[in-house]
């Protein structure tokens, strides 16, 4: 049975749920999953519905046409997406491969609604790992002087592979403001600290200096402001006085992989909406 | 504004959500919170809606009359409850007071939608703590010989205080099958292990013998089968080889209090539905 | 059997452990528990030994006299303390009582190596709770104008009760630099965020604004620099998009109580050493 | 500098630590790490010392010769091992590859004191993954009828690769009592439940039926009694009413990988001692 995911947000008003569910019911859809959230602070309403269609399915474009008048009536930001169509995601990485290895394995074992058509890196270290999965490895080196042309090359790769999503899986270069803006809401980064603590470089070393007893990782959408984008997911792991910065790095790898995988999974199941600087995650 | 919580379960069918939300919309309700779950294994549908009414509120009984035809049409198990009306809960306890102390403090600070009209115990140890909260302490001792008359006394206390809920906050006596059945779905027990591990007596000692590296606690509804009732909530805490059974007992107290408080909170916010031997918790 | 806790730190050198354990062995002590840590970054050595004495116990002062020459030889910072002697701690609090309630209950049930001779507050809200434990409640109001005389009153209370430790259990006033310095290493504060995130006022509101997915609490020693003191313990609890700042406050209470209780327990079992801006916690 | 790990257990007596540390000191060793545990229940003493030798290192056999008299004096079970020598571990697996993938990646990135000379499987599914790491893949199919000859083949593989450790990384066959006994203390299994809950087959399905709110994984040494061996490590992940058995399987994979990796790491750093049916883990 075809399945779709409807994702919407709009100013809160009485009757939204009744209107939307009536439309789906009349057109033969069956609601498989439904979540909603009413932000009382901003009076904004958020909803995700996954529905199946037993017969008479008009297709994704058909559903969009049916839904457009309702969306206009309520002033909605919205998408309808074929639930079976995987997101196409390019993974970018520098030298640490744990997140990449984790994503590639999950992708290959079918655990994510995702296709990974290519990997981009500014180093060559992880080329063999990528090769073992039989997908292209694009080496795009970056220096202070070549940043602009590197991003041109990167844009070409993204265009070539027609991607929905870019995953920065421990990619240690900062994207330019222009690229960040152009890809707004479509780039997920894993930062190796519990944001907003320890922004920027060497967060585990910062954590060591401060003597924290727990370290963490944060998956967030990339915005021009470094490590300030909307947070999707965070998790932590205990630290203690015996751990050197190198121990923290190693302990953090596990939580980085886990947090990034969750964020990517939710994004690729259309479970995330932006709410200003925050996210609504219908996990 | 008056608020109500509608809780329902029924065989899954197309149109339930549309029908329910249309009714609420037509009668002037605004949905504040809505959660649903479709159990694909049993084809059973579960829903919780908290709604407010700006004007023309018919009251709880009025809403029940309005909703009854829909409920009948779909074969629903359902309740509608005034969200502002606290649940009345008698707490039962033996000698360990940490859960009782936690519940009394949360109740007094307004953190739970709960009234505690009285405490029952088979010992006198915790009478001063209860007295400091200014509520009656019923001492109902139990021996193998006096179990029947103790339960008669207990039933009298429950009747006197018109309770919705009984909380066994480390009450170390087993309720009879008859009382368990009569109070089905209205008695929450905290068991001091991670069920189904270590049922019955002295679970921390059992855990010690087995050498587990994590211990836990389980809040569940009481049924005649000991420690087999539907689980509401569980949580854990790490153990290590240095911990004696007494250390496990102490470490467990914290997690017991926490797990029981969560289960009681969810029950008193009408967030829990039974699904055979399992629970649906719209937390 | 009498028991003592030896706590020491000194520059790392070969032979420290052999020398210390030989001394204890020769004087009839039995090591019950021993932990050590060699900070390779600073070349500083830290050790805690709990030992019992079957016969010929020279008493705490006797042990100090025996140990002094070794301590001098290695340039140690050190203490020897009778393990059975509880720490005397005054608890300070403002209006939120969850941490105080938790500490009082743990103290009364014997779970902490602690005596609480008195509670100090700048408000009267928690006087009844304190009264139910039968200990003095000192009301010391503080305004911008009366801060100096309030601290004079506070110093008098601490002197009167001969305290080893001050616990700021959600005390919402900042201690002066002078008092912080005078009590260095003897004041534990619970801060209601995961430091270094969200220092200062209203951390849960800051956390809400930033949209974090986990909130936390931090117990630390107080220093003149606000919320910058050495961290003893931290813990976290998950948040999600549905939680208002008030929900975060409530969810945080639990973790605050837990974190503070752990820090106090470790301090009162002589398990904590300062290592510059960090702590060594032999938990 | 050469480093060694001394691991010992013996009946508790006064003077063990003084004797052992004096020996090390006299022979020029520097203690880098030391942990001890006195089991008051069984009066058994456990110790781990990692020490370095600046000059005059007699080598592993030399240290063993030096230590033997002390060991005999106190009736110790003991080992001394060159800390730089990696453990040789064969990994066995069936069809689920997440634990294998995780171990191979950690091994290759140098995070474990481990060599993996070969992988054994009763299926061919994971041969390509193993091949990408350039190590032999031994296919040893097992049926009810061929179990004995399969174990003969397995013993040959283990002998060929001269292994210290066998890791059952979701290997779905039960080892015979004979092999379990012969390899006692040298086979680590990951069981996909929080033992002792849900022993045997399909633990996630058992967990689903019972309606637990948390699932877990357990790494333990293999003994002839199925899923009854000494537990090394456990961890958990939350479940809820929406999760099907398949969802539990997927959620569990992450925790299985993590728990197994920790157990293998500790084993390969000589951090684990058996204490009857339990383990002492100097993590």
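By written order: A, B, C and D. Residues from 1 in each chain.
Assume a contact is a pair of C-beta atoms (placed from the backbone, for glycine too) under 8 Å apart; a residue touches a chain by one contact, two chains touch by 3 or more.
Note that the structure is predicted; figures quoted are calculated from it, not measured.
Asker: Taking all residue numbers at the chain A/chain B interface, are over half used by both copies (same) or under half (different)?
Answerer: The interface is built from the same residue numbers on each side, given that over half of them are used by both copies.
Asker: Name whichever of B-D and B-C has more C-beta pairs touching across its two chains.
Answerer: B-D
Asker: Indicate the whole-number Å distance between the mean C-alpha point of chain B and the mean C-alpha point of chain C.
Answerer: Taking the average C-alpha coordinate of chain B and of chain C, the gap between them is 36 Å.
Asker: Using mean CA coordinates as chain centres, what's the gap between chain B and chain D in Å?
Answerer: 41
Asker: Contact residues on chain C for chain D in the complex?
Answerer: 14-15, 17-18, 21-22, 24-25, 30-36, 38
Asker: Please output the residues of chain C touching chain B within their complex, sorted ascending.
Answerer: 97-98, 101, 105, 109, 111, 132, 250, 253-254, 258, 261
Asker: Touching chain A in the complex: which residues of chain C?
Answerer: Contacts found on chain C: 37, 39-41, 194-198, 209-214, 216, 230-236, 240-242, 244, 275, 277-281.
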